[in-house]
Amino acid sequence: MKKVLTKEEVLHVADLARIEVSDSEVEKYQEELGKLLSDVEQINMVENYDDERLIAPWTEETKLREDSEGTMLNPKEVIENAPRRAGNYIAVPVVISENESEGA
Amino acid sequence: MNNNYIPTIGIEVHVELKTNTKIFSNSKNGYGQMANSLTNVVDLGYPGTLPTLNEKVIELAIKAATVLNCKIRRQMHFDRKNYFYPDNPKNYQITQAETPIGYDGYVEIDLDGEKKKIYIEEMHIEEDTCKSTHKSGKTYLDFNRAGVPLIEIVTKPCISSPLEAKLYLEKLKELLFYTDVSDCKMEEGSMRADANISLRKNESDPLGTKVEIKNIGSISNVKLSLEKEWERQTKMLDNNEYFKEQTRRFDDKKNDTVLMRVKETGNDYRYFPEPDIPFVYITDEMIENAKKKIPMLPDERKKVYIEKNIPEVNAKKLVEHRELSDFLNSLLDKNVDFVVACNLLLGDISAYLNKEEKKLSETTLTKEKFIELVNKVSSKEISSKNVKDILKDVLETELSIKEIISKSGIKNISDDETINKIIDKIIENNQESVKDYKDGKDRAIKYLMGQVMKETKGSVNPEKAMNLLKVKLQSI
Amino acid sequence: MTNYLEKSVKEINELLKNKKIKPIDLVNEAFERIENNSELNAYITLNKEEAVKKAIELEDKEVDNILFGLPIAVKDNIVTKGLRTTAASHILENFTPIYDATVVEKINKNNMIIIGKTNMDEFAMGSSSRTSYFGAPRNPWNKTKISGGSSGGSAVTIAANDVLFALGTDTGGSIRQPASYCGIVGMKPTYGRVSRYGMIAFASSLDQIGPMTKNVYNNALLLNVIAGHDDKDLTSSRKEVEDYTSLIGQDIKGKKIAIPNYFVSDIVSKEIKEKLENVIELLKEKGAIVDYVDMKYLENAVTLYQIIAMGEASSNLARFDGIRYGTSYEDPNGIYDLYVKTRSNGFGKEVKRRIMVGSYLLSGENAKIYYNKALAIRDDISKEFKKVFEKYDYIIGPTTTTTAYDLTDPMDDPSKSFMDDVLSIPVNMAGLPGLNLPIGTSEDNMPIGMQIIGDKFTEASIYQLAAFLEKEIDFCGGVKYE
């Protein structure tokens, strides 16, 4: 089965992934993504044995960590690799207005 | 308020958990420290880093689920919520979408003497984002908050008035604070509330367009903002004005809600199970251990205090002052006068703590010392004036009450002979007043009594002195 | 040039103990070899200054273990404190980590010397190492051929005899497949056997770090160093580590071996099947029991891989946004522009394609349609393996369907790189250990490899069979252990 992705779908995915897709690239992506998704589509032809899922081949359950403090970085180390900084802060080059900010 | 429409309200609350360290890393969970001083490579989302899971978070979540009457999930995992935002270091947040630790719970509120259950849809564990400050064309990121443990508590849309919303939040805060799950300080952001409200004409109508109010700064503002929103939407509906699902915030200065954004085609968070954290199993033992750490809850405390003859208004005050209430609770198995104990705690001791800006634990008051003090007061061996005089010594020295009393020279005059001698002297020097008394002027006896107190510098048992004075005056 | 690195590990260890040579001699020789082989493009970053410094420091130390003072190459998606780590991507071109991966700590604790960071497919996405921002490595057997990937540089430097030890990572075959193409031994351990802390994640539920070496014994020695529980990785196992050399040299008589029919179907080239046939005959001759078995879902593994690996990758690579570290777009017009420009300029074509597909597969209702379905079938595959291992000690087959192909072969088919891993992917799906062992060469003199798969935590037993065959097959001039 050949899967075809619309231009809008490609642009929506590009937006989700924060990847730029120029007008000239849209068609190429439509084709390439379409090809991969046609492969992936095959999954729906396969009948699974039961509904149990394997999220990861974990061998053991989570062992919880004791609530005691470990070593931390100093602010200098934190900002060391950041392309933009100011004082002890890592900076982002543009304003995000209060109205836009999302809570957790 | 226009009552043409019935509001349907749901509330989402985030609380920061009171742990030493973050949820997925062992850096410190702290507030108000130097920017970017409480982080490590995990919090910063460095390439190659992996999460670990703090056991205290699970314990506190179980406690919260328990007091919110939730069912507890026995096998759970985490999920990734994917969205790009500068305050989201990995550009995904680790949360629980599929298997929230608690579900199907309720909180009971007291609505004009009637109980109402506010139903909890679910409560889940997740990580906090970092703090961003917006200033002069730039955004500054402080990762100290990144990875602080949160629980999010989501009600069903079953709240039917702004007042109920307020009562629910107060109750929630009280419960989470008392169980040491969280500080619940809205002003510091350790408790944050979002509310959503829609209006409809009749209970049988479908729900109206939902408006969400985000990040409301105080419980009273939750009530206020919902009232304003009720009012605003009512006007629009009455004018047949159409509005879209949207997110607003409450503006303190305008005293009204302000539009943040109109909701477009729902957010596409691309949830999927977090592969870096294997299943977590909540065992009976973990639940029992967490439950053991739940102290007596506020409602129960009030009931017990009232049974001990403490007036309801004082019982409420005690519960609002957690430390004093805990202290009083440590005496519950002792045979002391709880009314006196309560009065001491809420009276002179509270006044001292407020003035000195201290906690009770920062004074030298011990359980034993307090019992001694209560007993001295209830047996009238010392007067309330005496208490005021010796309070500093009681709270600031290691001396016992007995030692303090003897040091301060309080001689409690309680033998009849001594008191009578003093009364004789006062009567002799105040014949005018005695005459007044005999003429039926009641005020005179108070004056005479005052003189007795003055003479003894307040160290006489007042009740006894009054009785003896009356006897003496009648015999004249 | 000296030739110490052509001796066995035991011989070198003796020389070091007897002060006949110093670690610096090994380091100098390794760099000389790497220099002579520079056209192979096996390395992204050399650690010359620090390696020399470390070698000199070691002169005052007691030779405390068999790997003491030996040079090792580390794949460039494993972070090294103070040493540039790029994952072969422009977006990390100038990234210097501020912490060490757990495996790196273990290597350092054993006084091995990190010689450099090896070339690879960008973020390990690919099977020919040609998606590297730093250009593809070349196969030492024939420089016009690919090395395989993604751990191409590590395979190349071992095959070229630059060093005796290298670390690779394997998400769908990225250790075993280049090992097969370059004729070396590569082990992907059980999921959870080696800590992933500090491995730049591609697909977290499939990734595993493993050793790449010239022979089986050395491979087991390196696994001894890197295996073990790590508190920093919740998916790492608390199961005790054994001595992985302990069964080497033991007979394999009576061992039960299964060959899935799919592994010898038409997808595999004739000459590879022939070479495997020879091995099967040999095994039977030596008293092993070999059966062909049917296993369901194996043919679906690539599809599962595309869904799960790309889904996880789209999330794992979201952190590269130009804010906290890495290459950042200089002059963005707004936050959205910063993200988009940084990522579009920073990632290569293959990586962007995979992120896009992964995002699509998780978006909206797709997560339910594709992702959950894939996890359900993944569980079924895992159970199929379990069933086979109830009866058999090993599953064997070819590692790859062909030998290494030309560097100039087209890269425009987006499915091709996945199909290269068709035989190795099922092992990652089930979290099993799998090893590539060279078993011969093709007509055009390119190496052919076989895959030995065991049940979880049976690495020692895999080494037993591998070492047995290694001795019998006498690939490439034989092995030297003593």
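Order of writing sets the labels: A, B and C. Residues in every chain begin at 1.
Heads up, the rule we're going with is that a residue touches a chain if its C-beta (ideal position, glycine included) is under 8 Å from a C-beta of that chain, and two chains touch if they have at least 3 such contacts.
A quick note: this is a predicted structure, and the numbers were derived from the prediction, not measured.
S.K.: Looking at which chains touch which, would you call it a line, ring, star, complete or other?
M.R.: Per interface graph, the chains form a complete graph.
S.K.: Just to be sure I understand: the centre of a chain is the mean of its C-alpha atoms, right? Then which chain's centre is nearest the mean of all of them?
M.R.: When every chain is reduced to its C-alpha mean, the one closest to the whole-protein mean is A.
S.K.: So the centre of each chain is just the mean of its C-alpha atoms; given that, what is the distance between subunit B and subunit C in Å?
M.R.: 56
S.K.: Could you work out how far the Cα centre of subunit A sits from that of subunit B, in whole Å?
M.R.: Subunit A and subunit B have C-alpha centres separated by 40 Å.
S.K.: Where the CA atoms of subunit A average out and where those of subunit C average out, how many Å apart are those spots?
M.R.: Distance between chain centres, rounded to whole Å: 24 Å.
S.K.: Touching at least two other chains at once: which residues of subunit B meet that condition?
M.R.: In subunit B, the residues touching two or more other chains are 41, 44, 52-53, 82, 84, 86, 139, 141, 268, 270, 273, 275, 277-278.
S.K.: Two or more other chains touching the same residue: where does that happen in subunit C?
M.R.: Answer for subunit C, listing residues that touch two or more other chains: 95, 98, 204-205, 231, 234-235, 314, 318, 321, 323-325, 335, 339, 359, 363, 375.
S.K.: So which stretches of subunit A touch two or more other chains?
M.R.: If we look for residues of subunit A contacting two or more partner chains, we find 16, 18, 53, 55-56, 58, 60, 62, 65, 73, 90, 92-94, 96.
S.K.: Contact residues on subunit A for subunit B in the complex?
M.R.: Residues in contact with subunit B: 16, 18, 53, 55-56, 58, 60-62, 64-75, 78-79, 86-104.
S.K.: If you look only at subunit C, which of its residues touch subunit A in the complex?
M.R.: Interface residues on subunit C, with respect to subunit A: 95-96, 98, 190-192, 204-205, 231, 234-235, 237-239, 297, 300, 302-304, 306-307, 314, 318, 321-328, 332-336, 338-341, 343-344, 347, 352-353, 355-361, 363, 369-370, 372-380, 382-383, 413-415, 418, 429-432, 456-457.
S.K.: Using the touch rule from the top, collect the residues of subunit C that touch subunit B in their complex.
M.R.: For this pair, the touching residues of subunit C are 78-79, 85, 87, 92, 95, 97-99, 101, 196-201, 203-205, 231-235, 311-312, 314-315, 318-321, 323-325, 335, 339, 359, 362-364, 367, 371, 375.
S.K.: Using the touch definition from the top, list the residues of subunit A that touch subunit C in their complex.
M.R.: My answer: residues 5, 9-10, 12-14, 16-20, 29, 32-33, 35-37, 39-40, 42-44, 46, 48-60, 62-63, 65, 73, 77, 80-84, 90, 92-94, 96.
S.K.: Over in the complex, which subunit B residues touch subunit C? Could you list them?
M.R.: My answer: residues 41, 44-53, 80, 82, 84, 86, 89-92, 139, 141, 268, 270-273, 275-278.
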